[in-house]
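Each structure below appears as structure tokens.
In the two complexes that follow, subunit A is the common piece, with subunit B as its partner first and subunit C second.
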Partner chain A sequence: MSSAITVRDLTKRFDKVHALTDGRLTVERGEIHALLGANGCGKSTLSKIVAGAYAPTSGTVLIDGKEVSFRSPRDAEEMGIALFYQELSLIPKMSVEANIFLRREPRNGVGFIDYAKMRTETLNLLAMFKDAIGDDIQPDALVADLTPGQRQIVEICKVYAKNPSIVIMDEATAALDGRQVKVFFDILRKKREEGVSTIFISHRLDEVFEICDHATIMRNGAVVAETAIAETTTEDVVHMMVGDVKKAPKRQALDDEGKKPLLKLEGVGSNLLNDVSLSVAPGEIVGLGGLQGQGQSTLLRSLFGALPITSGTVWLNNEQVAIRKPADAVRRKVAYVSGDRGPDAALPGRSIFENLAAAILVSEKRKLVRAKELRPQLAEVASAFKTKYARMTDAIGTLSGGNQQKIFIARWLATNPKVILLDDPTKGIDLAAKADLFALIRKLAESGVAVLLYSSEESELLDNCDRIAVFNDGAVVTELSGAEMDSFHLTRAAYGEA
Partner chain B sequence: MSDASSNMHSENAGFSLGAILREPVVLALFAIIILLGIGEAVSPGFARGDQIIKLLTVAALLGFAAAGQNLVVLAGGEGIDLSVGAMISLGAVIAGNVMDGANGGILPALIAAMGVTFIIGMVNGLGVNLIRIPPLVMTLGMTSVIQGGLVVFSRGIPSGNAAPALMNFINQPVVFGIPGVLFIWLLLIIGMVFILRATSFGLSIYAVGANPQAARLVGLPVKVIRTTVFGLSGALAGLTGVFVIGYTGNSFISVGDQYMLPSIIAVVIGGTSLAGGSGGYIGTVAGAIALILLQSVLTTLHLEFWGRQLIFGGTLLLLLMFYGRQKSARI
Partner chain C sequence: MKSILSAPKSGSTVSKRPVWLVAFGSLVALVLINWFLQPSFFDGMVMHSNLTTFLPLTLVAIGQTFVIMGGDIDLSVGSIAALVNVVTVTVIAMAGGDAASVPIGLLTGLVVGVLCGVFNGLLISYLRLQPMVATFGTGIIFSALALWVMPQAGLSVPEVYWMTYSDFVLGVPTVLWILIAGFLFVLFMQRRPFESHLKAVGGNRAGAFQSGINMSFVRLLSFALCGLFSGFAALCLTGETASGDPLIGQSLAMGSISAVVLGGTMLSGGVGGAIGSIFGALLLGMIGNVIFFAGLPFEFQTLVQGLIVLAALAGGVLVARK
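Then we have the complex of A and B:
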């Protein structure tokens, strides 16, 4: 009998980026199969090709031994493949049942929606989770009124409402609490007995070892190993995910004596952060590591006053501070650079000068702009950064992405910041610009600035940070320094195996 | 981002003649010249110096009202002030009653009219930014409230008179055959350009209009700025009201209504994006003059009131279709 899914020699190129160079996967009927790998290893690309969301550049996908080529997720759905969407696909202003049966509403004889049937089937689906949620979710409740965990359960119900034979669960447990996970795993096991195949993607290795039968491990766009879970250990799996262990370059240890922290957090919490304590000395670059979306960006934005902090204390220069809005942070010489420069930094249609001057106007509480006086000053910070532009009066959009990002960083340098918060600052910029950027950040640190750096690329953290605080689920799970600063320890900590 | 930047690139690349001709300010200037030509052809003497001064006086009144509208639109967030017309009426009625024909009452009238309309404008701004009522709904609602209030206050009877000095200032030449109101307009133009280009507040208006989130993330008080522009729009409408009563002599409670739609059209013809964040007052000035000229040409063509309304509305729609496309490319 042929396997439920066989994938061979799959590749996928986005423009010039090879997201997938060697995709292989074999999933049997009635099996729970883990797909593992670090950020950006290609596992999402592989699963999206199987689900019909992407077309492969080359390679074959066999379902039950028959070759298929999906042109859309609908094609895949018709073959019995259902994908759990990591970025929730529910429509907030519609009811639970309407969401679950969206586009596939049961019809009665005349072709109208059969609401009674829809209600019963929704209740049946929700009943799977009865042990975890009781009757908490009503079919006619609005999705907007549900908690994140409840929404995730609705999303899971939506997947099973399609009666799939193959299910891709991409981080399906991310928002579930312990009891909900347990019930969810019972469901997965029951479906396994019914012959449903599950591709399970999770950043919690303990879950993988609890529920999965086999694992396919990926690194840098290629599959590096396939193994039965019973025959491996978490240690081995992390090694396979990481490959050659990358060590941080040796850096002279900071003279801790007499260096009081410039920025200190004690038990900082909010709805997305949990008891974060950290300190950064002047001259230090502290990295925020871990998988994407574990609270690193949230922490940086909260420190900048763009998101609320509900508990704990923040000390700046030994002074307890309450930063409630970005203007408070700016006036205390805290700078925030976002990697999402489109929504977070660019003033589209405005001149390079205006884009550069934005922060200094706030930090110096200027009333008049005095362009004649500001222009040379701003030109100087921009050139310290090797920013290429023709005239300051040109629109910001005339610059390349990397040069734009330099402008958005230079706007902060003009304010002489004491603390710089970098939120994945190199997203989408070229290597030369990245090198310029990190050289400048190191120089700033040497001049006594405290830097907090989050990057989605772990090599950036390892290459540039003095210490790395690893985040999981809104909390710092461990802090790496010295000999532990390598990709193995970083990955292991990120996957909660500290 | 790369899409957006390439679009912006092509939008700003070089200084080709075609690009200059597509500049809204240049277009408006062209319209002014063509309209003057048509007017002169239909009715010789149309483009004579004293006629032009008269036209500019009328355009100045629109220019004052459109200045506030301009600020509200620039600050973005679908900003628009539909209460400009009612505010002008309110300013005129307040000024008329405070002055009541006495020259000594001009200054108190100015203060009272602009003070009240500033406060009402701030209420608009607070409704939009704190309670998050869409600007369109908020200012339209405010229009009804003001109009209703005016009916109650005046019982529908025109009341109050302009002081003679004010009427002379608006209608009679002060120097070189130019009435005082045009000098005030010149001051306003200089003031607006200075504020928008040389003050932090001005640049903040553009920043908030171009990208409110980025503006917030450099520490700009987005809501304060967007509230203040409504206050300023109110005060400028109040000022317009004072000049309007100086122009007409006495006030009636719907005297400002005719300014509401033109104040928006002038801003749009002048090249200010309805999405906010780009444009300026010089364009609006050109837009106001072009509009008044258009109106005047239509009058010489003996078009009825409804015909003029039709053409105003049509012009606005046409321009929105044209600029609306630019907007999607810009963001």
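Then we have the complex of A and C:
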């Protein structure tokens, strides 16, 4: 009998990024198969190819022994394949039921949507989670009004509404709580008995060992091993995920141990953060590690005043501060740079000059600007960053991603910041620009700035930080420093095995 | 951020309130004001003539809604209307200019309208041009074609055309029948999956694609619908003016977009509906009326309309920020 899924020699390139270099996978009927690997190793890319959302650059996919070449997710759906999208495929401004049945709306005789039937079927699907959520999710609620966990449950319902025989769960448990995970696992087991094949991608190894039959392990875009879960250990799996552990170049520890921290957090909490304590000395770069979405970005945004902090204290220079809005942060010389350049940072369509000046205006409470005065000052900062631009008056959009990012860091430089919060700052920029950027960040630190860096790529943290605080579910679970700063310890801590 | 803290137990109340409620309320208010300023407002004749004036914009606004719900915009609707107008009039004249040639002219006109919409849709959904830029460009092309077909206003249509349009059918004004048909069409579309797919495309392109929606086709259809309704509007204008004019309908693009926004449809796509746009279009018309009867100079009309649209847009932003 042929396997449910067979993937051979699959590759995928996005322009210059080789997201997948050697995708291989065999999943049998009625098994739960784990797909493991560090962030950015290509799990989601592989999943999306199998589900028809990406076309592969080369390679073959066989479903039940037959070669397929999907042109859209719809083709894959017709073969019984359903994918839980890690970033969710929901439409925020539509209701739960409309989302679950999007494109597969039940219709009546005249081709109208059969709302009554849609309601009943939605309630049936939601009832799978009854033990964990009761009737918290109403079929007519807007998805935008749901919590992240509830949205994941809706996405799970959307998957099972298609009655799939092959299911891919790409980090479907990331925002679920313990009880919800338990119910979800019961569903997975029941589906396994019905002969459904599931590919299970999770950031918690204990979950994988609890529910999976086999595991395929990936590293840097390639599959490196396949094993039965019963024949391996978490230790082995982590080793396979990270490969040969190379020691991070040892950075000289800060000699003056007694140095006063510039930024100090004590038991900081909010709805998404849980009792975070941290301190950063001037000159230090502290990394925020862990799997994506465990509270790292939330912490940075909260410190910048963009999200609320509801408990705990923040000390800046031994002074207790309350930062309620970004303007407070800017005036206290706290800077924030996000990798999502578009919505967060750029004044789109405006000139490089205007983008550079934005932060100064807030920090100096300036209302009127004499462009002539500011321009030389800003040109100096921009050139310090080796930013390549033709004219200050050119639109920001004319710059490459890396150069835009430099402009956004440069704009804070002009305000002489004391603390810099970097929120995945290298997202989507090329290697050379990355190197420039980190050289710059190091230089800033050496001038006495305290840096908090979150990156979704662990190598960036290992290469550039003095210490790493590892996050899980909104809390710091471990702090790595010195000899422990290697990818083995980081991965293990991130996967909750410390 | 409140939404993350506590999911409401039974949906949000905002989502349950139809988006057109504000437009409808304002319309009722303006009707009352107008009635006060012009006591004859509810006379059959006055209503009939008002409706005749408001109908073309209302039809275009219905079509424009579909495009905007999908996250696009169509600036060429006015030019499409002009082209359909001159084509219809010319074809009727070429086919003999008698009563029998009228249906041929109407049909040709509508086909031209749909083709213009399909052309816009192909450029935007398949060649991936920016909707604003593409329809600005095609609008110029359609205008040029209209001038080429008929360089100067002229040619009259057979009496039966404009007579039927301005008359009654089964005791009800023709224009009211058309408005009712528009309403029914909108209600019909509301219950069809297409509108839901269109909103998904406008609300989250990636999610719509991942849900298996054929996005290019859905967007193409929305432009085709918009072309069709611009065509309907042109046929109404033809019935009203009884002749061809290559420069007709120039205010329809901005007017229809304003009506759609006033009706509660978000310019960013994904939220709204054509019911609101119908109210929005009537509302715009009523604003004009009230300004006239209040004795203010005509130029105020555009100014006030502009301010109101601006307020509606700002209101939308404030709601979205909340």
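Everything below uses one rule, namely that the second predicted complex is superposed on the first by the 438 of 498 C-alpha atoms of A that agree within 3 Å, B and C clash if a C-alpha of one lies under 4 Å from a C-alpha of the other, contacts with A are read in each partner's own complex, and residues count from 1 in each chain.
Going forward, a residue touches a chain if its C-beta (ideal position, glycine included) is under 8 Å from a C-beta of that chain, and two chains touch if they have at least 3 such contacts.
Not measured: the values here are computed from a predicted model.
**Q** Give one of first, second, both or neither to describe whether A:I113 is in contact with subunit B, with subunit C, with both, or with none.
**A** second
**Q** May I ask you to decide whether A:D140 touches subunit B, subunit C, both, or neither, giving the answer as first, second, both or neither?
**A** In the superposition, A:D140 contacts subunit C only.
**Q** Just checking: does A:G267 make contact with subunit B only, subunit C only, both, or neither of them? Give me first, second, both or neither.
**A** The answer is neither, since A:G267 touches no partner chain.
**Q** A:G448 contacts which: subunit B (first), subunit C (second), both, neither?
**A** In the superposed model, A:G448 contacts neither subunit B nor subunit C.
**Q** Between subunit B and subunit C, whom does A:A53 touch in the aligned arrangement: first, second, both, or neither?
**A** The answer is second: A:A53 touches subunit C but not subunit B.
**Q** First (subunit B), second (subunit C), both or neither: which does A:K93 touch?
**A** It touches subunit C, and subunit B stays clear.
**Q** For A:G482, decide between first (touching subunit B), second (touching subunit C), both and neither.
**A** Touch partners of A:G482: none, neither subunit B nor subunit C.
**Q** Under the stated contact criterion, what part of subunit A meets subunit B in this complex?
**A** Spelled out, the residues of subunit A in touch with subunit B are 304, 306, 325-327, 329-331, 336, 338, 341-350, 354, 357-359, 361-363, 366-371, 394-401, 404, 411, 428.
**Q** Of all residues in subunit C, which touch subunit A in the complex?
**A** 1, 3-5, 7-12, 15-16, 191-193, 196-197, 199-200, 203-204, 206-214, 270-271
**Q** For the complex, give me every residue of subunit A touching subunit C.
**A** Those in contact with subunit C are residues 53, 72-74, 77, 83, 85, 87-95, 98, 102-103, 105, 107, 111-113, 136-138, 140-142, 144-148, 150, 271-272, 307-308.
**Q** Give every residue of subunit B touching subunit A within the complex, in rising order.
**A** Going through subunit B, the ones touching subunit A are 1-2, 4-5, 7-9, 11-13, 197-204, 206-207, 210-211, 213-221, 273, 277-278, 330-331.
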